[in-house]
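Each of the next two complexes has chain A plus one more chain, namely chain B in the first and chain C in the second.
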Partner chain A sequence: MSIEVRNINKRFGNFTALNNISLDLPSGELTALLGPSGCGKTTLLRIIAGLEQPDGGNVLFHGKDATGSHVRERKVGFVFQHYALFRHMTVFENVAFGLRVRPRQERPSEAEIRRKVHELLELVQLDWIADRYPAQLSGGQRQRIALARALAVEPQVLLLDEPFGALDAKVRKDLRRWLRRLHDELHITSVFVTHDQEEALEVADRVVVLNKGGIEQVGTPDEVYDQPATPFVYQFLGNVNLFHSRVHDGFAKIGELEVAVDGHEDTQNAAALAYVRPHDIEIHRTPENGSTFAATVVHIHAIGPIVRLELARADATEYVEAELTRERFRELALKEGEEIFVKPRSLRVFIDPNPAVA
Partner chain B sequence: MSAVISHPLSVLPVPASRATQEPAWVRWLLISIALGWLGLFLFIPLAAIFTEALRKGLEVYWASLVDPDALSAIKLTLIATVIAVPANLVFGIAAAWAIAKFEFRGKQLLLTLIDLPFAVSPVIAGLIYVLLFGAQGWFGEWLQAHDVKIIFAVPGIVLATIFVTFPFVARELIPLMQAQGTEEEEAAVTMGASGWQTLWRVTLPNVKWGLLYGVILCNARAMGEFGAVSVVSGHIRGMTNTLPLHVEILYNEYNFAAAFAAASLLAGLALVTLALKSAVEWKTGAELRARNEETSNEH
Partner chain C sequence: MAVLRSWKSHSVLPGFGLALGFTILYLSLIVLIPLSATFIKTAELGWGEFWTAVTTPRALASYRLSFGAAAIGALLNTGFGLLTAWVLVRYTFPGKRLVDALVDLPFALPTAVAGIALTAIYAPNGWLGQWLEPLGVKVAFTPLGVVIALTFIGLPFVVRTVQPVLEDLEAEVEEAAACLGASRWQTFAQVLMPALWPALITGFALAFARAVGEYGSVIFIAGNMPLISEISPLLIITKLEQYDYAGATAIAVVMLVISFALLLLINGLQWWISRRHGKRNP
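What follows is the complex of A and B.
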């Protein structure tokens, strides 16, 4: 089932949590709401679920306005960050809860409930744990039970609030791959909230990047990573180098380096911010006229498959981070303190909206 | 890794660290002061009640308990308790549910009002009802015209008891429910549970021991209340006398054996309450430990 969010506004006192948000979530997709804490992502998820009322705007389920309908009627499966399992019930009873609270005429028989619960527990691979209490489970197990419980009511939409936030790094990685496989199996429209860009890029079909109550960019993981729409998205998704530069007649100048910038042919001498990912930086022993700038190697971190270099620009007080493959690093035979030349492979320039007074 | 470290610890008994302990004489002195104080103010009076009650033999003791006035006082005490405790149970759950699970204007005011009976002297509480419902009170004339008796009658005693025992259940539940948050209730609602189903299946089972604890304290106070009830009762023997008032009357008449016999009932009730309270505390403690383990397991 598709979800549409139309012009949603939400304020808590003087704080604007969501500022006129509109969003389409196509049927069957797994979408990540990604952003730093306080960006409004959880509020948006709770508004979609009906756990929070928007101050203005509409939520549409499958084209029908659901803004006024109660949480109970929305048929959403909601998974909470801290699982919210019923601590006085066994795992079995937790999963059966949604079936047992149905009105008498819709309630399945005891045998049917039994069958359904065991089917769900098998789906999350925890059938052997049915008689335990939540306190006896590990964090990862609890999260899978919470998911099975949410699926028991056959929701049209699955909403997950920081589903892996309270787990340790190893379990987190396993569980998010497992969630992806589960989604591929069930194809239920799902939205999950996360502040972890790696998680969003790895698991989701689409990523919605939020910041300060507004949407920065919506796109596939590739799109938001390779073509960030705003400086914020660039900085939030992965490591990035920031250069202060000036744009003039379609060229951005960073020290001796001059790069052609599309769409800024008529811009006259404007302050700009240029972004380069560390792995898009080439290191050379000799300068190339106009396409490199000089720097000194300050630090070498040669752990793992990738060698990280910290470079100090010769013509400014900025530091640059670069990532090289081991082969390239060996070829160059770099040492700390040596002078080298930096060539950005792909550079993205944004006109600085509020330049520092020079 | 942790198994390797913890193994030698469990084999070798670790001597209590002397660095963090006071010298023996300080410890013994503190323990004796505490025990002496308890003995002087609790154990000796308690023992005195029972010895005084039984001083003239079991027969006299029994006779003073089955005396019609005593039976009537016991009955009235039970009636007041049986009405006041369930009333405050319902009220306490409703108030705690509202305060802990919802945000609304005037929440702080409601909390303060719930504490009012703790802050006000019980005698004043009784006087309020006399001022409201007494012959010269605000509603006095209307009540008289309709032949309804509240003051110096059973309804007044019940009202005063309800007022005095009002905060116990709510006060016990509010912090517990607040600590538990609203996530489990939200989860229940997203799965289609109605308000009632959420209350019965999720909220109440989670607070059942706290609730029982509140009810025990409420019950003890309802049976033992003296001040407020004394003001509204009028001390009519066999009619508006509760057990604590009965004790006072007998004592004032120098009928010590009977007074202490009735008092021994109240003391016995206090002992039973204490035992129940400890049992419930032990149970909630076990649950609290389980929950703490649960939160520490999460990481």
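What follows is the complex of A and C.
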């Protein structure tokens, strides 16, 4: 089932949590709402679920306005960061809860409930702990039970609020792959909230990057990583080098380096920010006219398959981080303190919206 | 010795021996020795005399009233205490802190003051009594008055035991229940109440125990008619005034034994419930 979010606004006192958000979530996709804490991602998820009411705007399920309908009627499965399992019920009863609270006419028979719960527990691979209580389970097991419980009511939409946030790194990684596989099996429209860019990029079909109550970019993981729409997205997704630069007559200058900036042919001497990822930097022994700038090697971290260099620009007090493959590093035979030339393979330039007073 | 060492070494916390020793000494001085004195004094009576003293119609009526009224009062407090705690935790309203403080007043008030105040209000010519009298409801100087007095002094117990538990319940659990399609009532009955039962039972036990031992407030409102509105503690005082010390302690012993048995039963019930609700360790 598709979800449409139309012009949602939400304020908490003086704080604007969501500022006129519109978003389409197509049927059957796994979407990540990604952003730093306080960006409004959880609030948006709770509004979609009906746990929170927006101050303005609409939520449409399959084209029908669901804004006014109660969370009970929306048929959403919600998974909480801290599991929210019923402590006094066994795993089996937790999963069965959504079936048992149905009105008498719609309630399945006891045998049917039993069959269904065991089916779900098999799906989350925890059939063998049906008789335990939540307190006796590990974090990862609890979250899988919470997921089975949410799926028991056959929701049209599955919403997950930082589902792996409370788990340790190893379990987190296993569980997110497992969630991806589960989604590929069930094809239920799913939205999950996360502040972990790696998680969003690895698991989701589509990533919605949020910041300060607004949407920065919507796209596939490749799109948001390779073509960030805003400086925020560039900085939030992965490591990035930032150069302060100026754009003049369609060109940005960084030291000796000049790059053409599309759409700014008439811009005169505007402050700009240029971004390049560490793995998009080439290191050369000799300068290339107009496409390199000089720098000194400050530090070399040669651990693992990637060699990380810390470079200091010769003409400014900015530091640059570069990542080289081991072979390239050996070819160059770099030492700390040597002068080299930096050539960014792909550089994105944004005009600085609020330049510092020079 | 080996046994001793083996369960002592289980604890990483130091001072087990000292702490336990002090606790036993303290409990002996404060609780066990005074209580055992009642048993020793009672032993002055022979078995037959004891049995006659504690099974007079007047004594039997007083047990019925004392334990019956205490149980009814504690039950009323369990229901209304839960409601009060719920209102205090879940809603914000002007004067909430004042209401919160008001709950503790029955603790602080001298019980005689409470008794006199209640009597003045519920007497046939009192503020409330004058309206109840034409309806045929007599409160002051009847067992009903005893129930009211015992309800009054037991009010804080359930509120104060349930309140912190209710505050600790995560809102997420209720949201989860709502997402799964549970109605408000189903969420309350199947998700909240199981978590509240142990606290409710503790509150009931405390209110009940307090009410069984209550004296000051009751004697003013009860009218103290033998066989009708005379509570056991008053019967004990009456016997003391007649220099019948052994007879007084005999009734005290009966009260002690019944109270102890009931509290033990309630504790057992609580243990059983919390075990059923999965607080046990694997």
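By our rule, the second predicted complex is superposed on the first by the 358 of 358 C-alpha atoms of A that agree within 3 Å, B and C clash if a C-alpha of one lies under 4 Å from a C-alpha of the other, contacts with A are read in each partner's own complex, and residues count from 1 in each chain.
Just so we're on the same page, contacts are C-beta pairs under 8 Å (C-beta built on N, C-alpha and C of every residue); 3 or more make two chains touch, one makes a residue touch a chain.
Quantities reported herein were computed from a predicted structural model and do not represent experimental measurements.
Trainee: After the overlay on chain A, what do you see for chain B versus chain C, clash or fit?
Mentor: Here chain B and chain C cannot both sit on chain A without a clash.
Trainee: For A:Arg72, decide between first (touching chain B), second (touching chain C), both and neither.
Mentor: After superposing on A, A:Arg72 lies in contact with both chain B and chain C.
Trainee: Considering only touches as defined above, state whether A:Arg104 meets chain B (first), chain C (second), both or neither.
Mentor: So A:Arg104 meets neither chain B nor chain C here.
Trainee: Pick one for A:Ser138: touches chain B only (first), chain C only (second), both, or neither.
Mentor: After superposition on chain A, A:Ser138 lies in contact with chain B alone.
Trainee: Output check: A:Ala49 vs chain B and chain C. Expected answer is one of first, second, both, neither. What do you get?
Mentor: So A:Ala49 meets both chain B and chain C here.
Trainee: Regarding the shared-chain residue A:Arg149, is it in contact with chain B (first), chain C (second), both, or neither?
Mentor: In the superposition, A:Arg149 contacts both chain B and chain C.
Trainee: Touch test for A:Thr90: chain B only (first), chain C only (second), both, or neither?
Mentor: second
Trainee: Mind working out whether A:Asp168 is in touch with chain B, chain C, both or neither, as first, second, both or neither?
Mentor: So A:Asp168 only meets chain B here.
Trainee: So which positions on chain A get touched by both chain B and chain C?
Mentor: Overlap of chain B and chain C footprints on chain A: residues 49, 51, 71-72, 76-78, 80, 82, 84-88, 97-98, 101-102, 134-135, 146, 149-150, 152-153.
Trainee: Which residues of chain A touch chain B in their complex?
Mentor: 49, 51, 71-72, 74, 76-78, 80, 82, 84-88, 97-98, 101-102, 134-135, 138-139, 142, 146, 149-150, 152-153, 166, 168
Trainee: So in the complex, which bits of chain A are touching chain C?
Mentor: Against chain C, the touching part of chain A is residues 49, 51, 70-72, 76-78, 80, 82, 84-90, 97-98, 101-102, 132-136, 146, 149-150, 152-153.
Trainee: Can you name the residues of chain B that touch chain A in the complex?
Mentor: Touch list, chain B to chain A: 183-184, 186-194, 197, 201-202, 205-206, 290-291, 293-294, 297-299.
Trainee: Tell me, which parts of chain C touch chain A in their complex?
Mentor: For this pair, the touching residues of chain C are 170, 172-173, 175-183, 186, 190-191, 194-195, 276-282.
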